[in-house]
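Can you keep this structure in mind? I'll have questions shortly.
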Amino acid sequence: MDLELLLGIGRFLLATTLLLLLTVPTAFIIIQMEMKIIAQLALRYGPNRIGPRGIFQSTIHGFKVLAKEDTVPDQADRGTFTLAPWMVYMAAAMSMLVIPFAPGAIAADFSIGIVYFFAVLGLSVVGLLVAGWASYNKYSLLGGLRSAAQMVSYEIPLTLSIVGAVVLAGTLSFSELIAWQHEHGWLLLWQPVGVAIFYVASLAEVNRTPFDMVEADSELVAGPFTEYSGMRFGFFFFAEYVALFIMSGILISLFFGGWLAPWPFPAQLDGFWGTIYGAFWFFLKTYIFVAVAVWLRGTLPRVRVDQLMGMAWKVLLPLALVNLFITAIAVVVFEL
Amino acid sequence: MTKTDPEIRIPDPIELDRIEEERLRAVAGLAPTHAEGTEYAGFDTVGIPDRPPQTDRERDVYTLSEGEMLLNMGPQHPSTHGVMRLIVKVRGEVVVDIDPVLGYLHRGIEKLCENATYTTVLTYVDPMDYLSAMHNEHAPAIAFEKLYGIKAPPRAEYIRALVVELNRVFSHGLMMGFLALDMGGLTPILYSFINRDEVVDMLSAISGQRMLFNFFRVGGVNWDTSDEFLSRLGTWRANVMKNIEMNEAMITENEIFTARTKGMGVLTGDQAISLGVTGPNLRASGVPFDVRKAHPYSIYHELEFDVVTQSRGDSYSRYLQRIAEIKQSIHLIDQIVDRMPHGPVQAQVPGIIRPRPGRAYGAVESPRGLYSVYAISDGGPNPYRFRMRDPSFISLQAIPKLMPGHLVADTMAIMASFDPVMGGVDK
Amino acid sequence: MSFPGMGIAKGMATTFRNFFAPKVTRQYPEERPEIPDRWRGRLDLIYDPFGEHKCEVCFQCAQVCPVEAIDMSGFDSEGNRIRYGMPEIYDERRDPNAYRRAGLAARPMRNPARWDEAIDTPFIDEVVDGFGGRAEALVAIFRAVEDRYGYLPERALRRISDRMSIHWAQVFGAAGLGGFRLLPATGHVITVCDCASCRFAGGDRILRALEDELGIRAGETTADETFSLETRSDVGAGALSPAIRIDTLVYGPLTEEQALHVVGERRNAAARAAAGAGTAS
């Protein structure tokens, strides 16, 4: 047991603990943003009584969720019923391991980080299916199947859209990709179509409006989460917002420069302050995209489920493939 | 208290339920427990009665063929426009048949009105179609004035037309919001309510109430316009088109919205006429029938406005039709305010009206269609029979005709485009 | 079927603009809505300009209510009590039945005198005219009436309101807030002041001494119903602390012995009066 290994294990444990702890305030902040932004769009104030300008509303919601009665349907399979929220939450939390928060502040800087990320993110589909099935409820089952179909079909354009970026940068690791962007400019400029496809597909992956058929509250109650109450539902709820944060984080890491600052500012600094500087830009950009997702939620109605699937297979997938071919040809021709 | 004999076993609550159910079934002459494997669909969770079907339609709806399932969009539901239960027969995601179950909001208004004086009846009818309360009062007022043989003074008729058109504007505005809400858009409903709030504050300055106005009387209206009402009317008139256009910008050209409403729930003109659908739903299918032009009442023959129609008859047309009608109503309001004469606002009628025996019919154009009242008087202080024909009730008949072939998710969207209000449906 | 497009962009521009626009919410407890004059939402009985209820207790509303939500009571033109609704809500049977329901012995209605008592109308008219019927003299008029009756009967207050043309609500409110007694007291009432200055000056010691002397606590009456003890906070008006009041006479500033002495004197006087009345009859 040499010191190097022990330090590595210790660092890893610390990083994972910090990440798990980070998910909670992230979810709270995003929920608060959602309540206030959607309210302001609709010409009202949103919660403004708890705390100055209502900033503690989200925390109180968290406590309320903890205080609710925990009901399990009589004929549901208790073991899997309990397991489903864990699976969804863990998928989100595990995929946070590779997010590049700042130079030197990635929990696990794999050389195949991108592949790991998309692989792990797909596990949340299993969680939703299990939730729908274990609830012993027709409507949950329908909702769970719908959500599984939606997430699986949008995985493909999602992953294909970034292959163009990967081919250009020649690496599958996040930190190296950001280094490439440091030299050659943000991948947004090289892959505009890829960005568009990725953004739309990521909204569908996270079940956000306009793609939130799963939780279509004006139709089948709450989809696969109908029978969940209290903290079990809280887990699903948090997992959704954490996944939104993660997707925005990956979007900006891949296409918008990650932790790099935009043009007038120095792109990257060194040392400890460099880490803080990078983290600041990372979080700023991520929350801007989270705010855009919330803005979309307040504005757009829902897409119908068959139109949703049609869009994935008939529009996004061919576009992603075409993008990939053109990028590949361009790389070969221009020797990039 | 004596201690219970340990020999007596008190059954637990689930047992008691089963015993009670068996006793009730024995009283009703049914088999003690639900027979398994019958060809008649018996999913208890949907709440279908397991007695034999009493009509052909019932048998059609409740007999399942291969691959079909009965789904209950229950009375508690975020978007059934009130309390209504829809039993939907689906094959996968496609709707095969729909059976609406009504009556959850029935309050016995027609019967109550038989024990009430004519003036009291006008207070009972407000909460029927609560989003167009002024129209609910206008139709009985017309019928009772015919029965009693008087006419309201001209100023009263103009004030009636004014508040009725205001009511139409905010009711159609709300439909825009509800349609978007049923599809998941969260903000247009709030913009609609901003408009409604202004109008309803204005109407509270003239009638004293915000929603159930109790403003019409037999022979006129209760109060004249006040300064506060007129000033609020002016402010509102200056802002209303901006508000409606802001709402429209969110919805009308939105690609997601059009993809979900164009071509959905197509109701042809002939179908609509044969089903008895009236109002904006009928005019959106191309039939230019408007009660205000076809059977003019009040002062509408003196005002000029167009009867707008759309040609396609789908949900999108019904939405566009209502926006066009908002614009027509605003045009009407402008004319009314210009031309309002001076004079009394209520004819001289005694406290308790006793019209001669006879029958009368009064029909108005409400935001949902032709709203009419048929009253029979027997010479006493109370009407002998007071029958209301509510347009939402008739429109709901059209739903099972239009829905087969669409998806479950469209059920709500198509229903919202008909804009039913359950208060009127159930009375 | 491609979704991004001008319609969505238009909608998003609208919401973006509204994000920065002034909001329409009215923050309720701080900003109240402007209620129009004709607002019919209040549940009030209306007063006429002379301060009487416009309601004539004709029972039409109670009879016509479809859900029987209205109970009412009043006097008819001959002065009889009439009511519509459960008798238990009103007078004579209310308190005895409440006690019976609680398993106690039935005790009579607490203040039957309020409703049907007779008052000396000429006396009250004289008092009011003596002050010229001026509104500023209301408290002095109350004093005079209270001296006469020992408390302010409701009928007397109504007479005052009629005679002086002051709104009934104002008269009633002035009587209540002015510290006048509105219910008849049993026996002589000893009121110990418990305002701040009297308490600092030792009023609580006086109270305890009197409690021991009379054998009762504050709020109770002695067994032979000759004296009752209570505390009020407006007896001494600060300058006479610590003060007590016996019936309408205020004594202060007192020490404990002085207070006991005064009360003792009054008890002897009462005993002599009772004995004198006994021998006389």
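Every chain is named by a letter (A, B and C) in the order it is written, and numbering of its residues begins at 1.
Please note the rule applied: a contact is a pair of C-beta atoms (placed from the backbone, for glycine too) under 8 Å apart; a residue touches a chain by one contact, two chains touch by 3 or more.
It should be emphasised that the depicted structure is a prediction, and the values quoted were computed from it without experimental measurement.
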item	value
Farthest chain (mean CA position) relative to chain C	A
Most centrally placed chain, judged by C-alpha centres	B
Centroid spacing, where centroids are CA-atom means, of chain A and chain C in whole angstrom	66
Rounded Å distance between chain B and chain C, as computed from the means of their C-alpha atoms	50
Between chain A and chain B, centroid-to-centroid distance (C-alpha), Å	43
Interface hub residues of chain B, defined as touching at least two other chains	187, 194, 250, 254, 256-257, 259
Residue numbers of chain A (touch at least two other chains)	41-44, 210, 298-300, 303, 307
Touching two or more other chains - residues of chain C	1, 3-4, 8, 11, 14-15, 18, 24
Sites on chain A touched by chain C in the complex	37, 40-45, 48, 196, 200, 210, 295-296, 298-300, 303, 307, 310-311, 314-315
Chain B contact footprint on chain A (complex, rising order)	38, 41-44, 138, 209-210, 212-213, 216-220, 297-307
Chain A contact footprint on chain B (complex, rising order)	45, 71, 78-79, 93, 180-187, 190-191, 194, 250, 254, 256-257, 259-260, 407-410, 412
Interface residues, chain B side, partner chain C - complex	112, 120, 187, 194, 201, 204-209, 214, 223, 226, 228-229, 246, 249-259
Residues of chain C touching chain B in the complex	1, 3-8, 10-11, 13-15, 18, 24, 33, 36-41, 64, 66
